[in-house]
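Structure, as structure tokens:
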Amino acid sequence: MNLGRVAGTLVASRKEPLMEGLTLLVVRQLDVDNTETGGYVVAVDAVGAGVGEIVMYASGSSARQTEATQNRPADAVVMAIVDTWDVDGETVYTK
Amino acid sequence: MNLGRVAGTLVASRKEPLMEGLTLLVVRQLDVDNTETGGYVVAVDAVGAGVGEIVMYASGSSARQTEATQNRPADAVVMAIVDTWDVDGETVYTK
Amino acid sequence: MNLGRVAGTLVASRKEPLMEGLTLLVVRQLDVDNTETGGYVVAVDAVGAGVGEIVMYASGSSARQTEATQNRPADAVVMAIVDTWDVDGETVYTK
Amino acid sequence: MNLGRVAGTLVASRKEPLMEGLTLLVVRQLDVDNTETGGYVVAVDAVGAGVGEIVMYASGSSARQTEATQNRPADAVVMAIVDTWDVDGETVYTK
Amino acid sequence: MNLGRVAGTLVASRKEPLMEGLTLLVVRQLDVDNTETGGYVVAVDAVGAGVGEIVMYASGSSARQTEATQNRPADAVVMAIVDTWDVDGETVYTK
């Protein structure tokens, strides 16, 4: 999985019917030191994440293993809101 | 998912039979600020997107989860036409 | 899917038995403007493509959705020979 | 698979229910010469790896083929603790 | 698929039980001109490849389609030993 910050939301009224009712989050990717990489992904929200929150997302077929995304054409899902992580003995982030 | 702008179409008369009847779109990839990355993908159209429209596409096995693409050898599908998205409190794009 | 030019062929007599009888093409990747990216892929031929032809290939699990590649350990397949594509109102390539 | 060093752990109390009970490791990616690439991945631990250990991880749908990760929205799993590897006749790493 | 040279082997005694009995090869990636890219992958050996041999490997879910790797958490497999390939009318490599 990768880390990201929820930067915003996306609205698409005309879409594949299987995507109806899902919240789409614009997620800026973070590196392991909690700085932005410049990359992003649009991911389905499976955990009720809000703008500004630090989250973890899964990609590819694994993104379809949540209740929200099963059998849907989604290749990225926010599946956790991060409390804290540490690297090399230092706490990088705490909610 | 990633964002893109439909830049054109592609025609291939000699192809795997399972690809018959599908519209193939040439999609220029966009970054989160709605500028082109230089990358592209050829994607099956699942939503009737037209040239010039800003769309969202899914990649990999998730690209086969639409009605149009099920069980077909397609690794990218345009599955939504974007109305609007915002980043860090600013509207980046509105249709 | 991505675009490529068939640059050559590859022969491997010692291989996983499920790969027997498949033609392996060396494909140089093309960008959307029909210039080579420097990248390549070795792909199974599902459409009888010849050296020099401009083709479209699928990657990942989608590469196993053709008759030729089903259940085989192939992660790339040439699944169409391209007739033409256009970008931003200009024809980039015509066969 | 790729090589990595377990650099830390990650805690997320609000998450997709299928992720309950799994240990999440922050893994710095290593190149073939055992130097860090700057990249990372958050991976589920399937082998009881500790911080500082050199491990091997699998990505994508293959990450769901361990007992710990089956049918869960995980796209990376630490599935081995490395004892040793050699490259071009030299031992690069020994535990 | 991509091309590589088997540069060495890797040993991991503590691992996911489904990986027992598999040979793990350290493969340096090759570009289409048979020069090393600097990248690598650790791949399961499905064809009895030896150190120094030029091979072809498959990635992702396709890596689980050999007899050796079925249902195992392996995301790369060496599935052919290359005899020869040509590019743009020239033989790049012959065993």
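By letter and in written order, the chains are A, B, C, D and E; residue numbering begins at 1 in each of them.
Criterion: a contact is a pair of C-beta atoms (placed from the backbone, for glycine too) under 8 Å apart; a residue touches a chain by one contact, two chains touch by 3 or more.
Since we're looking at a predicted model, the values are computed, not measured.
Asks: Show me the overlap between the contact partners of chain C and those of chain D.
Replies: Common neighbours, chain C/chain D: E.
Asks: Looking at chain D with chain E, do both copies bring the same residues to the contact (over half shared) or different ones?
Replies: different
Asks: Can you work out the whole-Å distance between the CA centroids of chain A and chain C?
Replies: It comes to 32 Å between the two C-alpha centres.
Asks: Measuring from the mean C-alpha position of chain A to the mean C-alpha position of chain D, what distance in angstrom results?
Replies: Each chain's C-alpha centroid was found; their separation is 20 Å.
Asks: At least two partner chains per residue is the criterion; list those residues in chain C.
Replies: Expected reply: 60-61, 63-64.
Asks: Ring order from chain D, via chain E next?
Replies: Order of chains in the ring, chain D then chain E onward: D, E, C, B, A.
Asks: Which chain C residues qualify as touching chain B in the complex?
Replies: Chain C residues touching chain B: 1-3, 31-32, 46-48, 56, 58-67, 69, 77, 79-89, 92.
Asks: Over in the complex, which chain C residues touch chain E? Could you list them?
Replies: Where chain C meets chain E, its residues are 7-19, 24, 26, 28, 38, 40-43, 60-61, 63-64, 71-76.
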